[in-house]
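Two complexes follow with chain A in common, the first pairing it with chain B and the second with chain C.
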Partner chain A sequence: MNNSAQTQSIDPALYATATEAIRAEAKRVLEAGTVAAVVGWQAGRRKGSALPAIVTDPTKADTLVFSPACVNNLALYLTKAKKEIRQKGRLAIVVKGCDLRALVGLMGENQLKREELHIIGVVCPGVQGRGEATMAAKCRECAVHTPEGTDVTVGSLPDLPRFTPVESEELARLEAMTPAERWAFWKEHFARCIRCYACRQLCPFCYCEQCLCDRNRPQAVETTPRPAGNMAWHIVRAMHLAGRCAGCAECERACPMDIPLNLLNRKMAKELKELYGHEAGFEVQEKGPLAQYREDDDQSFIK
Partner chain B sequence: MHGHKEKHAFEPKIVAFVCTWCTYAGADLAGTSRLQYPANTRVVKFPCTGRIDPVFILRAFQKGADGVLVSGCHPGDCHYMAGNFHARRRFAAFRQLLDFIGVDLNRLQFSWVSAAEGGKWVEVVTELTERVRAMGPMPEFRELEAEECWSGAIDTPELKEAYETIP
Partner chain C sequence: MSRIGVFVCHCGENISRTVDVEKVAAEAARLPGVSYACDYKYMCSDPGQSLLKKAVAEHGLDGVVVAACSPRMHEKTFRSAAKSAGLNPFLCEMANIREHCSWVHEDREEATAKASDIVAMMVARVKKDKRLVPITVPVTKRALVIGGGIAGIQAALDIADAGHQVVLVEREPSIGGHMAQLSETFPTLDCSQCIMTPRMVDAANHPNITLHTYSEIESVDGYIGNFQITVRKKARSVIEERCTGCGICSAKCPQKKIPNSFDKNLGLRPAIYVPFPQAVPNTPVIDRANCTYFRSGKCGVCQKVCGPGAIDYGQEDSLIVEPVGAIVVATGFELYSISEKPKGSPIKGYGEFGHGTIPDVIDGLTFERLASASGPTGGKILRPSDGKEPKQVVFVQCVGSRAREKGISYCSKICCMYTAKHTMLYRHKVHDGQAYVFFMDARTPGKNYDEFWRRAVEEEEAVYIRGMVSRLYQKGDKVVVMGSDIAVGLQVEIEADLVVLATAVQPRTGADTLAQKLGISYDRYNFYSEAHAKLKPVECATAGIYLAGACQGPKDIPDTVSQASAAAAKVMTLFAKSELEREPIVAKVNERTCVACLYCRKVCPYGAVEEKELRDRQGNLIRVVAYVNPGVCGGCGTCQATCPSKSVELDGYTDEQIMAMIESL
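For the complex of A and B:
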């Protein structure tokens, strides 16, 4: 067990090799003209930071990097919400294991076609969470270090220690509470929400052209950042992602108010796995668990 | 004919989302059969349970419902073939989410009531009404409705002092 999970403890040479391989592959596909652009990460201005990049010129392929700072889920850039990128033509995308799950989910929802993508998978030992040196909570219990079913996979996996699964522990702690305690927990968290919708903007699955929560007449969810509307927004958000969310935890990373949003996603994923044996993002499925049914589904809760 | 009407200290508000083909007809049958049941239920008619969005349930609670009943056709009897099957999965997930948020699931009831089951409708409604009555009013969502994020905190001594110093 390793409680103080650090990304620094991972050999920097691993990231350097992955970076080299990504650059070489990006250069190759761009020069061959099989793709119009490569979606990847480039170094940020601040040392040890990274940001999403779209490279169209083979000579610029050397700007791509892979480092513990490559936290963004790039699958977002292929959704309907970012139309201008899709228009460029066939695309290559660099994905970590968790990002690939989102891509697979999007393919299942007919948002992407596998043949229109060149997927460069990168074996990811983990990326940083809040605070530069610590490893993100999702990476501590990652089961998809090595992306499967990509066109190319680069990098290699070091021997990782077993990290403390902080998120599972928190989930178990909440589940053990009484409903009133849970209500108090979430009420406190949601009261802080400023409704910036960063969680929605970053989510690869929030690609609806008009969100239910932006509609009035009839208004489903109050738009003012008041506790009532906040609670409704987060419930609706969790419900709309149930069975679709692939657990990239971008919502939680982007939240400026530190609301533990991934707990809701994790909980819904867990319930749907228990109820219908469904796990999002491992294979392209035409229909999610809430879009299909079996005649013998459990109905013990219905009188 | 009319039974003795009991006076209660608390009359819960119950919203019933029902499908027009089965439960609404079932409730109608209860009425035409002159069956007595508590008048706390407000029935909202939908074409199918598949049309009932979880947001409606949320909205009912926010606007002051103490209990919510969702009722439709028995599996296999749906007028639209599969609406209630889809609804069943959706509500199975939704009630788990509400439970995780901290809503007492005793306030939320799902049932299948066919057009021939006037008696079952009476039974379901009476049971839910009595259960919610025993639980008392549902304060959670209503308190949220009344709350402002900044109320109270806007009146801190530091802020007042800062305000006073504005020339």
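For the complex of A and C:
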């Protein structure tokens, strides 16, 4: 492990300052009554951990935190899957740059309205990956440390060391494979899948009331965890996220079987960028590249 | 258990030549749920249809598969046969074993096996077909005609005469179009203005026609029977209701040296003008780009001299919404210009003809203005450069047209005839002049057309030279025409006083933009596409929109008028009923699972998807879902393929049916 890829190398005071600012802003908007609840993170019971929190009482605003343990993409809590939160009224949400991209994507899909949200952006130097002291892979190549277009942005960015770009290296390794090797690679990974659907439950873009893969009349995807059905499920997941996934990597974090799901997502995102110059989550798009046909679309894939 | 009947057609020998139809029928009879199967020589014939009807009654069939040709050919036939046998017509499906099988295969055994598979798939599908009822949508009995040339005027008059309201929208300040610019018309040489202007006046005075001139289509919403058209009425700077058309404003306007585009820039007009004396409406318009008042704020002469006070410098564009039930598109054509084209354009100009820089090289329409009694020269043929009467005129045909290397491969159809006419008009006006025509071949199909051309050659002594022109250049006050005469195999050089190019007929600039607003298809040249080249030549693929005139392809006046009347007849057919029946093959949203991501709306080519609010009994909003307007849905199924949660399905093509078809293999 590269020594520089540690969250400990970042001054803890930065997180503390951001925490103070989040608390102050949460208190202000709750007291003013401009929002009914603030979606943020609070400290977990175990030292150094954090978990998502919904704060409705201004006096409880002090429980909110920002630390390297604030890994969750809170955009999930604004999707239809979490109806009871949406029903509270106008909401404030604390977002990292990567989380904001999911929010923007959801706005483009008619799921959220910008004017119904108070977005508290937090400048994020990075959050932890597996193991408390490790910097998450997605953070090592982060290009959105500072969220843009929020209502308020708190925190400041330190000079960050150069991290080893794990994601790019993995992607390069994948792309160097022959199609047959790549197929074998994914077959091997997907064969392990136990179909717990943790990836689906955590994904802000998996907000369907009934997933296509749960349908049985007719059944599109076999539901038992067997290789063929697993492959079908993961292909459906990847295709449904193509052009939408903004790379929060929550799926991969939640996967109990260590399937490199975000690697597949990154590959799809890269294809979209190369083919159509499209990057998800930077602006509210009327139509994504996969929902429209243009005469100058790349046709080279037709062979 | 279903009781399906399968009818296998020989189609004469079209199918039975390569497919063992008896075997297909025998195998179909063994399929689960099939209670009757047979084969017959011509299923579409009267005895064939009776066979089907009889079998439905005798065997109590609850579904029918006709294994024959494409459903585009005979689905309607068999569905109505099924209907008359008491079956819901949508429980009758066709298995295409002709276009999809017998016509494209040679091996009899394999083709037979494939035909059996196709039949099995359709049996699986028909078992899950629902009884559908045609959709009825109300019809607004009011038509929109876009374009006020002869096509638009004809269509508008026909529809209006049938007693329906018509909204006629014209981009220019006056209706009339190209026909108002012509001198005399082939093959009878009657004066164009004399036959055109009365029609223009008829259109303007017709109680059922609302005329919007100097107006453009801003947007089009809705669908057949129920369109909402937003018309942008451009600021005329003249209040139409007050103007009496006395013309004093034009007479007094100090700005008089503006080239008149109606006269192909040969004549001049003031800044406040009517394009030509017979304009309808006879209401002037201020050309703001050239008006002294608009450029410097000083002048205002027209306002001072206008008795009724009709001049309004502050007038702004206004938007008018017109509800209509049908649309006739008659936007006409424009002539190809030989000037340099923008880089990357698939259509090229003519550098070898000087790219339009030689003043005495003109196009056919300019010649029409020269020959017209109301034109800039009062009907005298005088060349643009020095106003002298040309003694040698060279006409060049197929400029731009039929020139694949220039980007246009089609024939412009009207040029052979109008060039023959030009040589005659020239001869009639300049008795000692000589006309030469460079041509590839003379295309003169049409009543009295070839006689007309022969007359130009034999009686009016036009010299026709079969060959192409390679170069035009100025030499002194002459234009040298370098060409070939392939009849004698020689290069020819003529020193001409005037050269007239029969340039290609092209769709109007912006035809593609209008097509996108209307949602109609167009070809690579931007000509609008008809629904079927032979059987639906005036309908667009988009329901409720019809085509008239040269916007669909090059046409002469008789063809244009015929098509305009045909389009009008189609509109009247639509308006004959107050409600419209549509095939119920439309998408339906499963509101229970729809999450309103509205990807369906993003991909829908018909604009059929809307948001729908689901409310409880107290009126509280529960949630929003997608809604497919059945009146607009074209039944393409793109939404079904796109929907991530498979919450939208096309009746007759549900996922369950498609899966059953796949599983039947």
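For this structure, a couple of remarks:
Just so it is clear, the second predicted complex is superposed on the first by the 297 of 303 C-alpha atoms of A that agree within 3 Å, B and C clash if a C-alpha of one lies under 4 Å from a C-alpha of the other, contacts with A are read in each partner's own complex, and residues count from 1 in each chain.
In this text, a residue touches a chain if its C-beta (ideal position, glycine included) is under 8 Å from a C-beta of that chain, and two chains touch if they have at least 3 such contacts.
Quick caveat: nothing in here was measured; it's all calculated off a predicted structure.
In the superposition on chain A, A:220 contacts both chain B and chain C. When the two complexes are overlaid, the chain among chain B and chain C that reaches more residues of chain A is B. Touch criterion met: A:179 reaches chain B, while chain C stays clear of it. Contacts of A:287 after superposition on the shared chain: chain C is touched, whereas chain B is not.
With both structures placed on the common chain, the touch criterion links A:80 to chain C but leaves chain B unconnected.
When the two complexes are overlaid on their common chain A, residue A:277 makes contact with neither chain B nor chain C.
Look at A:212: by the touch rule set out above, it reaches both chain B and chain C. Once the two complexes are overlaid on the shared chain, A:109 sits against chain C while remaining clear of chain B.
In the superposition on chain A, A:131 makes contact with neither chain B nor chain C. In the superposition on chain A, the residues of chain A contacted by chain B and by chain C overlap at 212, 220, 291-292.
Partner chain A is touched in their complex by these residues of chain C: 592-599, 602-603, 611, 623-624, 642, 644-647, 655-656, 659-660. Interface residues of chain A, counted against chain C in their complex, comprise 80, 109-111, 207-212, 215, 217-218, 220, 240, 286-288, 291-292. Residue ranges of chain A in contact with chain B, taken from their complex: 174-175, 179-187, 191, 212, 220-221, 225-228, 231-232, 235-236, 238-239, 242-243, 264, 267-268, 271-272, 275-276, 289-295, 297-299, 301-303.
Here chain B touches chain A in the complex through residues 53-55, 58-59, 62, 75-76, 82, 85-86, 88-105, 109-112, 124, 140-141, 144-145, 147-149, going by the rule given at the top.
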